[in-house]
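Before anything else, here is the set of structures, which you'll find just below.
Below, chain A partners chain B and then partners chain C, in two separate complexes.
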Partner chain A sequence: MSLLPQSNGTGPAIELDGVFKLFGNSPAVDGLSLSVEHGSTFGLIGPNGAGKSTTIKMLMGLLAPTSGSVRVLGHDAGTEATQIRQKVGYVPELHLMDRWMRVKEVVGFCRSAFSTWNDDTCREMLDRYELPDDKKVKQLSKGMLVKLSLVLAISHEPEMLILDEPMSGLDPLAREEFLDGVLQTVCDKGQTVLLSTHSLGDIQRMADTVGFLYGGRLLAHSNIDDLLASTKRVRATLTNGSPPENLPTGVVWQQVEGREWLLTVADFTPETVQKIGDLQGVENVDVIDIGLEDLFKDFVKGQRSNS
Partner chain B sequence: MKLDPGSHIPFYLQIADGIRDAVAAGVYLPGEPLPSLRALALEIHTNPNTVQKAYDELAREGLIYSRRGKGLFVAEQGDESARASAQESLQRSFLEGIIAARAAGMSSREIRKAFTAALNITPAKRTGDSPEKGNRR
Partner chain C sequence: MKWLLWREYRLNRLILIAGGAFFVLPYAIVGFTVLTGSYQMTYVTRAWLASTYAAQLLIALLAGNAIAGERADRSAEFIAYLPLSRRRIVASKVLFALLVFTPVWCVTRVVIDNAYLPAPGYVSGSPAHVLSDLRPFLANVVLLYGAGWLFTSRLSSATAASVLGLVVVILLHVGYVFVLIPQKNFFEEFIRLLNDQERFGDAVFWYTMICISLAVISFSIGTWNYVGHRRS
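Showing the complex of A and B:
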């Protein structure tokens, strides 16, 4: 019962396979494999320096991977970046528009780069966002600049949108207006979207699947609903104040405070409670439901304490 | 419809709950159309795939049905089944509360008293509903 426009593409829309990107000796992206289905929205989230922007730049062919393969809409990002840029609408983290150009000049400049440019879409979006044709880029507020960037990214009717932390630094109203613009085009055209953000709330509104990126690696990559259902926090009492040696599988994070033991478990099943309860010195096992934000924090904290 | 990003309940279930409540409250009557995927997605600022999943869930329960090319409609007994699920979910909440109260060592009498007190602070809207005996102010 799908009422949305369907993409006719075969295979994943985005496919990374064993991708490394080294800057000097340090890996910004560390063996990343990832696939995004056509017509889905993928939310990429991670702390600063996790490798989100580096990954996105590789997708757009703006950075070459040190090794591994990057494919977007069936094209190799290394050799066919031109084709990718024609089919993808890209809103970069930093908007590199000439500050002295007027809005209409920026629009004209982008228009000339795409054979598929749709003037009606462009006009409609410029009006909707009340972007004045004659204003210079340097006179635009941060919110208006991001909205202009979105207009430019969708007016050539791309099959995919790649949005690199577009909403950071925007006020709540501008955020919502930007997201609504994205949603409207997704409703009408069914594009595949990759959205990188710091906001789990935005991820839940916009995305079907989520990837937690940390240290250039994916800590989790899953459908959001499945992730919420399969990750739980468990609270138990430790009779002697120290956690058991052999932890059950799937523990992503744990904390001991006095006799209270908190642990977050991925791939949680009812047997997990049983297994934890059977451990030596563990009593009163209780399951606590947690939201996506706590879940994300636990994954990252657990990773930090391991390294 | 208010969606809570902090909750462990996935957005699609929160949306399904919202529609179920609206049907139970008579916002959409049996046989009437529901908002289109696009309209609802834009109204609640959420990905249309998520709204689709919520509608799929409600269709599976038999609360709504789709007519080819015409959209989605509330099923004939949709309002009754929505009220029945509201009752089930109330039962579940009670059960959770009672288990927690028992774990904290409360007696049945204390639990009943707490329940009656809670019932009396929320105003009853339906006719024929009156506060519990013994607690009339």
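Showing the complex of A and C:
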């Protein structure tokens, strides 16, 4: 699935262990445990309010978890946030750099903050994206701002890139150029990438592993190919119009329309079809492959109906 | 550090221009009266008062804008994702304020030593000595920065932080005077205090101590807010 090479890094680049984050009494992140390997491209998908940005802020050491531990590139996010930011390139959704600065001033300012800044990489990227040195940030279009953010995130040659919905509001061409820039960098350097987005197309193009986040909880975390291979939609006919009570394990979501019964099953095996067919009042069992988008929707809908 | 100082300068450029203009203008007017031959010694006194008030306002605005300003326009988030320690950011802001205050202090000192004290109207030992003592001015500036720093570390409005810093100093100043001087025959007692150099010196000493203590406490709490606490 992924176009990207795997790096030779070992061990997890990101480790979250039982992380809770409460805002008041409501949990934004609810017992999240997650591990992302070095050199992998991890897509974090979730609806608005799922806890993606909160999770990323905790990874960058900007928010303290209420409980649990957060480690990035071997550093504790609570006590070694500066070291993490030295090694991570971050592209935010909102590009909040000082609007009165000129492009060359933003570059100079960021350059002073990183010990590993590479002027050649920076110049090459600025030229490639045709970002004029003397133009003020407030005069840049949204697309140019995103590209400048990417230049700033990549020029210090980070070990990891964190992209927090950076492409929202971009036209398709700018989106394409941005993704090409990320892909090229990651192909050249083999960095770990965490991409948070609403766009499943971007995830499928970029990521090799994916996590579905909903209500601050991780509903699924797997290699995309494995996830698509192991999760199937099953269509069956119900003789009496109501689903059986004893469902097979791994049912993520189900829906009954008339006598048609649709269910999405994780950890699907050939025996699963047999088990469903053996249920009382169930006949004509079909297995359907589904795409990442439908799969994500089914996970979220299933979770919503459970809660 | 150079870029952080440059950023501070750019963020506060308008404040510096306005504050600098109001600080220099009174002395420029006195200079003009010297050129036109209409100079009087009281002009220096008035210019000194106006300039020091402008300088105090400038420091209050700088302190209020230090953190709240970039929080308000959200450029603080840009800085937050860079590997800059908050201690370094605090150091740059304090160093910038010192760099701004240094010429203010030097000009004030030069005016006092070279224009005010040698002026023909000045009589040593008269109430005029009050103005030659720069400790209250320095104490006010230190407290304005400390109190402004405390408020700017918590608020998102630079104006509110500056105003609250000023209010703290004004309240302390007025409160101290009223505690020090009996309210019965207030003005007579006030003049008597100004004429009594020893008593006046003691009063200034304790005022300075109180201001510096409050400033250190305010600055420490503000820094703890800013550096020690990640957003919870």
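Brief remarks on what is shown
Methods note: the second predicted complex is superposed on the first by the 297 of 307 C-alpha atoms of A that agree within 3 Å, B and C clash if a C-alpha of one lies under 4 Å from a C-alpha of the other, contacts with A are read in each partner's own complex, and residues count from 1 in each chain.
Keep in mind that, in the parts below, a residue touches a chain if its C-beta (ideal position, glycine included) is under 8 Å from a C-beta of that chain, and two chains touch if they have at least 3 such contacts.
Everything quoted here is computed from the prediction, not taken from an experiment.
By the touch criterion defined above, A:G61 reaches chain C but does not reach chain B.
In the overlay built on the shared chain, the residue A:S40 is in contact with chain B alone; chain C does not reach it.
By the touch criterion defined above, A:M206 lies against chain B but remains apart from chain C after alignment on the C-alpha atoms of chain A. Contacts of A:W100 after superposition on the shared chain: chain C is touched, whereas chain B is not. Of the two partner chains placed around the shared chain by superposition, chain C is the only one that A:P92 touches, whereas chain B remains out of contact. When the two complexes are overlaid on their common chain A, residue A:A236 makes contact with neither chain B nor chain C.
By the document's definition of touching, neither partner reaches A:V285: not chain B, not chain C.
By the touch criterion defined above, A:Q83 reaches chain C but does not reach chain B. Residue overlap on chain A between the chain B contacts of one complex and the chain C contacts of the other is empty. Contact residues of chain A toward chain B in the complex are 1-4, 39-41, 176, 179-180, 183-184, 186-188, 200-201, 204-208, 224-225, 228-229, 289-293.
Residue ranges of chain A in contact with chain C, taken from their complex: 60-64, 78, 81-86, 90, 92, 94, 96-101, 108-110, 112-114. Within the complex formed with chain A, the residues of chain B that make contact are 3, 5-13, 36-38, 41-42, 45-50, 52-53, 55-56, 59, 66.
Across the interface of their complex, chain A is touched by residues 2-4, 6-7, 10-11, 73-75, 77-78, 80-85, 230-232 of chain C.
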